[in-house]
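What follows is one structure encoded as structure tokens, with my remarks underneath.
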């Protein structure tokens, strides 16, 4: 998704809002609402994660940790300590933001594989702690969560949650699009394009990386808290390494550096396993195949590949074909004399 | 407890933890070696490494269960795993050569999930046992009680390490692989086929993983998801010792195994698995190159 | 009045001393060139002067401030901008966006403004875009403004980097081989551009191999050889210096 973001931005946002609004006309029963809600929650996480992975060029294999901390934090404060659910969620989200800030600086000094492994280690430590501290978290059996009550009204039922989550998804996409089309967003994308070039343009790499890391963690924590109160239950599987991988797969499958791609990826990969529940045994095989296949055949992801395909079909060539310049620069290539 | 008796009991306890630690550490070392070999040949972290361990153990267990003697089941299981490794390289890694790091990471993670799913279909989700190689009568050794299988694990690992040292140091093929890891372009210029080296690296790593799985299955049992933690901890060991370094992989594996065992014994057994990842994070934060660090993976 | 001053600057790479005991000054408002054979340490010097490498020894002063050991974005914050020999263009962004990034330090809209797309931000974006277009026009790239930057030819990318560097309104502009890979017409355009910038008060430092450009546009020339200062002075002085001729220029007529 290049250049003019004005049109995709307002147009895409309107389209998304329209899809959400039209949903109830199309979804036949509560089961479908449930899938839609889960897809939207995943989409919120993925929109944030995409800011980190797709736009800023970082990676996190531990984001289920942030999701899970948002979920468990809110669940524990509300169910075990009787906090009002909104306050519990707010507290959990704040705690996750603080944790992401603290851990962000040292972790984001790393690059590539090392960064991947550090985030993975971090995510696993969280999942192990959650599984072990069973007095607090209910351990492997999970924890029951009180419903979300706002000023005495309990938010319950698929249809009510659908509207809340749908609205929040549109809001999340709006925030993400705003961020991308701003000096901060350009700074992040510049870091991805060339960290050296960004540095000499005055961009503080460390500060920006931590910023986007915290933002993506907050998105995940929000979705986690909502998930806990919606489902009425939370288990350690939501904090697991596998969940982290699923999230990354959704982002990568949908399209890196494409907010709508993240939404699409989350939707497809939430709906797909539901379609496959008949073939429950093949779930892992299909997930693994999808991951490998996407990266090999469609490395840019679903939405950018489709967009490029449609762009070619339209035949509109914006710029004339040009000679390949010599010495293609790579991100971070060192200038030497 | 009286002073001398107390000390003796303590040292017996310590010896026991060390014995466990070294046994487990040997397995981590084999997995870490697998990571390092592939990393050296291609710069790729093979997240499916743990699955090689699983396939080796599960294949051997099912072959033995179907009536084959151990002596036949083991080489067949290693061969099957090696084939899986070669297939992985040809079908998933080679088509994506030159892709950015994130892409390769997703591919090998996808491969590990795929292989695990395949395992549940070919076999099942239950635990499987492999008979111990030479009986289960515990032996007293330096104040600790060990099962004979532990000696097999440590002894076989030592033999494998020596064999690898000979392979990389003395044979043409091994030296070619080593050359590729040091400077791919130069290796190509002297006629070494980097594609073949990569192919072989995966095969070799798969075999190493399989052996780790087979050696340890009699002690820890095996199942479709035994590779997940083993793979991750093996990777932690590789980073601890220095990614890309053979001696580092061995040292890192042993050190991790011992630290894990000691902390499980003296600190908290519930958090046994956490120690590996805490060490991983500590190494990455403080000194990513590890103990025997080769060049830093990402140049600034 | 010196804009930039180094004192005994040195940089080692393993056993190789790429820059060795370099002490020199850059005068405000003048055009300086750094020349020398390949491997003389020219680009290493530029990397030191922009904080990409930390010096192994010596100090760097910008005006009154000691910037030794600062990070690249801190050097940039003091008004130093540069282009790269090996192009560090943000190929994942459009041509216009590349230039807009150059303005990063002059942006006064913060994170919250960005997140909520406040009217303040929208106004800032409009101003930023307009200025970026002007700069693209200055370097002759206005037709490519909305194209993805990876569609541009090499020569255009070099000019894009200059536009990006200018977006920061720097006091000191470092150009790393701006004429490399350009044809004579393009080189003359670069010459004119540099002269115009210097006329506008920007201190320009070039690393260049193109002697016609160097001799034509420079007020002072620094010659490096093996990381050390071989000669320094006005073009005529340097051109006729026997050591320089032997090490680098040869008996070429210019």
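In order of appearance the chains are A, B and C, and numbering begins at 1 in each one.
Simple rule for what comes next: contacts are C-beta pairs under 8 Å (C-beta built on N, C-alpha and C of every residue); 3 or more make two chains touch, one makes a residue touch a chain.
Everything numeric in this text was worked out from a predicted model, so none of it was measured.
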Could you tell me which chain's Cα centre is nearest to the average position of every protein Cα atom shown?
A
Most remote chain relative to chain A, going by C-alpha centroids?
C
Roughly how far is chain A from chain C, going centre to centre by Cα mean, in whole Å?
39
Just curious, how far off is chain C from chain B if you go by their C-alpha centres, in Å?
50
Averaged over CA atoms, how far is the centre of chain A from the centre of chain B? Could you give it in whole Å?
32
Where in chain A do residues touch at least two different other chains?
334
Counting only contacts in the complex, chain A reaches chain B at residues 53, 59, 61, 106-107, 110-114, 116-118, 120-122, 124-125, 128-129, 132, 241-242, 245, 248-249, 252, 256, 281-292, 294-296, 299, 332, 334
For the complex, which residues does chain A have touching chain C?
2-4, 175, 178-179, 181-187, 189-190, 192-194, 196-205, 211, 257, 318-319, 322-323, 325-327, 329, 333-337
Across the complex, what residues on chain C touch chain A?
38-44, 46-47, 50-52, 71-73, 75-77, 80-82, 84-94, 96-97, 100-105, 107, 109, 111, 113-117, 121, 124-125, 128, 144, 146-148, 151-154, 157, 164, 168, 176, 181, 207
Under the touch definition given earlier, write down the residues of chain B that touch chain A in their complex.
45, 92, 95-96, 99, 101-107, 109-118, 120-121, 228, 232, 235-236, 239, 270-271, 273-274, 277-278, 280-281, 284-285, 288, 297-300
